[in-house]
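Note that chain A is present in both complexes that follow, paired respectively with chain B and with chain C.
And now, the complex of A and B:
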């Protein structure tokens, strides 16, 4: 009897570990959230929690796209520059008039997708290192933004645009937060159900085998990068909606936040593994870490140490959960 | 007893150290004022026209320097003897700025105006210019006391911080809890503004500084930090934020939390987005961070090229503008990322 009980307990433990190992980043997120809630009751208030989701929107949306190219074995360092360009572009095209919003948003999204498409085409046909190519593209896009804007973020946001995205449904959930969660859910669903996403994993795991087996590697590469550019543009629009834009470098440095989240979420530079779900969890891990050190009121330099330590501990915990089975 | 002696002893040492540091800071300030007031003999630079002016921009990536450069171009247009204004952009790269300055020297410019990425990195290149008889003017940053720099036209961040702090504390009635929103940690702007704030706080014992934050001149970051502080502190009575572009992010966070009514915003600068906010809310006002520093730098350069003696440091004074008056400077049909300036319409950035 006792053996049987012991066997059951072992079975449950194994199942728990298996669950933890395949959802490691969510476990880390849950642990961090518990710590945060113990240190500050702000993390127990729905209004604040959804505020955190809204804060995460620009980086989170961009990270969805970058996850796709990293599953493919690539990377997109131009995403920060795309965010800056599309935020400025949207504001300029709006020019303070409500009637211009559809055109502004459409052109911004198309611009992001085209930049991504160019990245993808060059990588697919020239086999250039995605690191170098997208870094180069980032510099080009920064230059275009400066020339286009003349150095000042000269657009005027239409009345109602920011008010709409920042409106809290039921006094709690901002539309922007809901949009981000919606995009994340769509991304996860597509990743689980579409042939395109399955092909991304196959190409990422073994590009040569994928090509020899007749997969349309080039087409998939171009589409993945175009999607990354498109999501970058959405992130630019989200940034504009969240806090307006006050410079032509609004998205500068965000590519590193995006990369940190994607890698922490389990999508590696080698490709073929990871996924959007992990990325989203990692975006929240990093953001809660930032908010936590801020709320606890640490001195700026101490904040840097704690933030770095949280990233290291979180990634170590992630590896631990992955290994223990 | 021994513990008591140790405690009293260490307290005295700490007080001594603190006083020493404060005195040292005051001394450094007095020394800077003294050095800035020294006269420079410019007879060696005297030149007849035609003149070529070089501008070695450390970066062009923010609207303040874009306006500053337009002021330089406008001033150049007022001088018939100036035939050309050559502008280089180092895009935050100190090595490129060194090469840019060398290029300007080889192109035969008669005067170099610059704003640095890193003062130390370009010292050698500036010395080359000076050795070739080309005066160099640091434009719009802090005061630079270097033999390679002929003169500085600067905006005193300490002075600006002091004015902002005084106005804030007066508006708060001399008591309450505040936080400070500062630019990038470690920059002269952040260090001097915080030092000025702390100095003024000594005169207002009723003011408590909850936290000093660094928003990196970034509206989104300032907003995010403020959102967190709003969760941490149930009472915030005032915000010290001399940079208008961060002040908007701060004010938005208070507004969205439904707590705008409880807070007094300090004056920002003449950033258009902030002036629009001041106009709509009739509070805060502005302490100017004038983009005409560029124009003043070229004027000073022209005096140097005429061989007139000039001060080593020329301060472009900041001025307080009340909320009512500041609101009037807001340009509703212009973007937020724009500066109120005295530039004629045709010289404003397009």
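And now, the complex of A and C:
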């Protein structure tokens, strides 16, 4: 084989391309950050940076879970609805008392995990398209949220809840930002070291081969969707902690931000590739881009255009990189 | 010369796939292109069909240098290709597929179905292809699907037809039909480039053979002047030993017994035995195997493993009980194509390297590397994606996956398909070794030669039934064929 390899120069170029293409999103993040810092020196201030991290927490946490199901070759569109439901649920169960916090959080997390588990079970046993199924689930959960809340912003957040998560350690790092970064790090680590995550990649890469190789495809599928629901619930709680106000539509549309981040981060619909690291980088790319739009002085609607454009450009760039390889 | 190639070179990043190949072929000739996997056959084929552009060198058709920069241009220069993987659209008719993208239109630009079907009929008649132009492609057999692809290639006035491993999916009568068609095309002055590594057919239909190895042309020879052993030597660069026929297995204890509830003939595999399974495509060999491991529902067989009744409900079940199946279709349900060689190898045995849900990756790598070394897998590293390996090495990795499960019964379905000659020999060797270690082996194959070379006993299937079960030494190829075609009395 060695006699057929190209020269050294060739080799280095290829290595560089490979590195750049598998870490493209980090390169984009670095470039974007430099542009942002040039446009506004706010981006060089730790307080501002960690505020961006805090802002990113709800979408980022949910995106970790959705990354798992997308590695598996699935998708979870119900995550926005789960965020809304769990945010309302937590607020209502808290009912303004500190003593209610453990119950509220536990019930919210369990609800998210159960909704995800139902998604996973239906997909694993009926081979329904995850796209259609989780879209249907999103509509159902949205309905439940409306009925449960009576269509108004019910529930009172316990005192200290919001304050705790937004407290800045050392005057700089909000607890919520730290929680998010912690979850992300744990996720990245587990993704590399656990049998569960290896199975996700194997099944996503080729579900038929996975079945023939004796992998517990159904169990893994159900677990992955349940985790996605659980992370959705955490995102709902994070959203409530960030804003401090319960709203029945809090998570509406967030599934698209989540999906955009996951795909941008390199976990494509193909399954079997990508990972949480890329997703986290992509969450920041999107957020910094929106902040930039704000700084430049454009309004929310312009943000939407930028959001869409970034997704289109990034996915084209991804295809280009793949071709070059 | 109809086709001339001078100094053709194709360099991929890091790999020189084709190195300064000179080659020529004339009209009215069947020219076989042979080489082990990775020899450059596919690259050469893709350069001729406009899928790749050459790094250097020229292609000359009928004395004119041509730039085949897209498949469309290649077709308009008279080069048509029938790939191993078919590209027909199942929901359309035969005629619609033949004229896909070139549908005959009236002056107003509206499709003329009448003309399309008439034209299709004319092509089918001209080349004696027995197909109904109005049949839906999804209802066709694999052999007929291939005829559709050929008809499509012929419908564009091709002068050069490239056939890539055309018999891989065909049964014997279907192969003969294909050879008849090739002969006819040859008579009509067409150049057929025939890519294959099946010696028998190369010798039965080709006029000349060009052998490639490691991206270089080794030689072009008249088929009549040469023996298969010479070609194999040119392909692998050294001699191979003819695998000696096997003596019958020691009549050891039965490991795996299968009987049918409706009293049809069942079978038994004894310890240390390689049981070959022959039959035509569609005889139900793969279906039998898939029922044994529970991926298809088994409700008509009783299975005894080591004397105890088992009925695996899933491959996971089967593997835990020691029954492992190696798929006939690597790409479809064997490979995790984008993942590393190591991850492909350890996929079925992760439990071994897991404590509290965490993988001990050091142990995994050690065990995986050990088994791949034993199988003589060649790769720059076990961490490269398995899709970058040759077919033979991919197959070894999948064998490694099966071996890591410590099987009592190993069912190999066409384990040498798409594997080069050298690796084939190694696979036979491996099967023999495993049998000696007491693994019961069920070896399904469509290549009669390898069944006779590597199996102690042969089952022959015909339309789902076992019609013959004899030691290899008491059988002849002729007898097996008769049984397989249902013509044995």
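Quick note on the criterion: the second predicted complex is superposed on the first by the 278 of 325 C-alpha atoms of A that agree within 3 Å, B and C clash if a C-alpha of one lies under 4 Å from a C-alpha of the other, contacts with A are read in each partner's own complex, and residues count from 1 in each chain.
Note that in this section a residue touches a chain if its C-beta (ideal position, glycine included) is under 8 Å from a C-beta of that chain, and two chains touch if they have at least 3 such contacts.
Predicted model, so just to flag it, every value in this text is computed and none were measured.
Asker: Give one of first, second, both or neither to describe whether A:272 is in contact with chain B, with chain C, with both, or with none.
Answerer: After superposition on chain A, A:272 lies in contact with chain C alone.
Asker: Which partner does A:209 reach: the first (chain B), the second (chain C), both, or neither?
Answerer: The answer is second: A:209 touches chain C but not chain B.
Asker: Look at A:199 in the shared chain and tell me whether it touches chain B only, chain C only, both, or neither; answer first, second, both or neither.
Answerer: Once the two structures are laid over each other on A, A:199 reaches chain C alone.
Asker: After superposition on the shared chain, which partner residues are touched by A:294: those of chain B (first), chain C (second), both, or neither?
Answerer: In the superposition, A:294 contacts chain B only.
Asker: Give one of first, second, both or neither to describe whether A:152 is in contact with chain B, with chain C, with both, or with none.
Answerer: first
Asker: Enumerate the contact residues on chain A facing chain B in the complex.
Answerer: On the chain A side, the touching residues are 40, 42, 45, 48, 51, 55, 58, 91, 96, 146, 150-156, 166, 239, 242-250, 290-291, 294-297, 300-301.
Asker: Considering only the defined contacts, which chain A positions touch chain C in the complex?
Answerer: Going through chain A, the ones touching chain C are 1, 3-6, 10-11, 13-14, 17, 193-196, 198-199, 201-202, 205-206, 208-216, 272-273, 325.
Asker: Would you tell me which residues of chain C are touching chain A in their complex?
Answerer: So the residues of chain C touching chain A come out as 11, 13-16, 214-215, 293, 295, 314-316, 318-320, 325, 327, 332-339, 343, 347-348, 350-351, 353-354, 357-359, 361, 378, 380, 401, 405.
Asker: Residues of chain B touching chain A in their complex?
Answerer: Within the complex, chain B contacts chain A at residues 60-63, 65-67, 185, 210-214, 217-220, 223-225, 227-229, 231-232, 245, 248-249, 252, 256, 271, 273, 333-338, 349-350.
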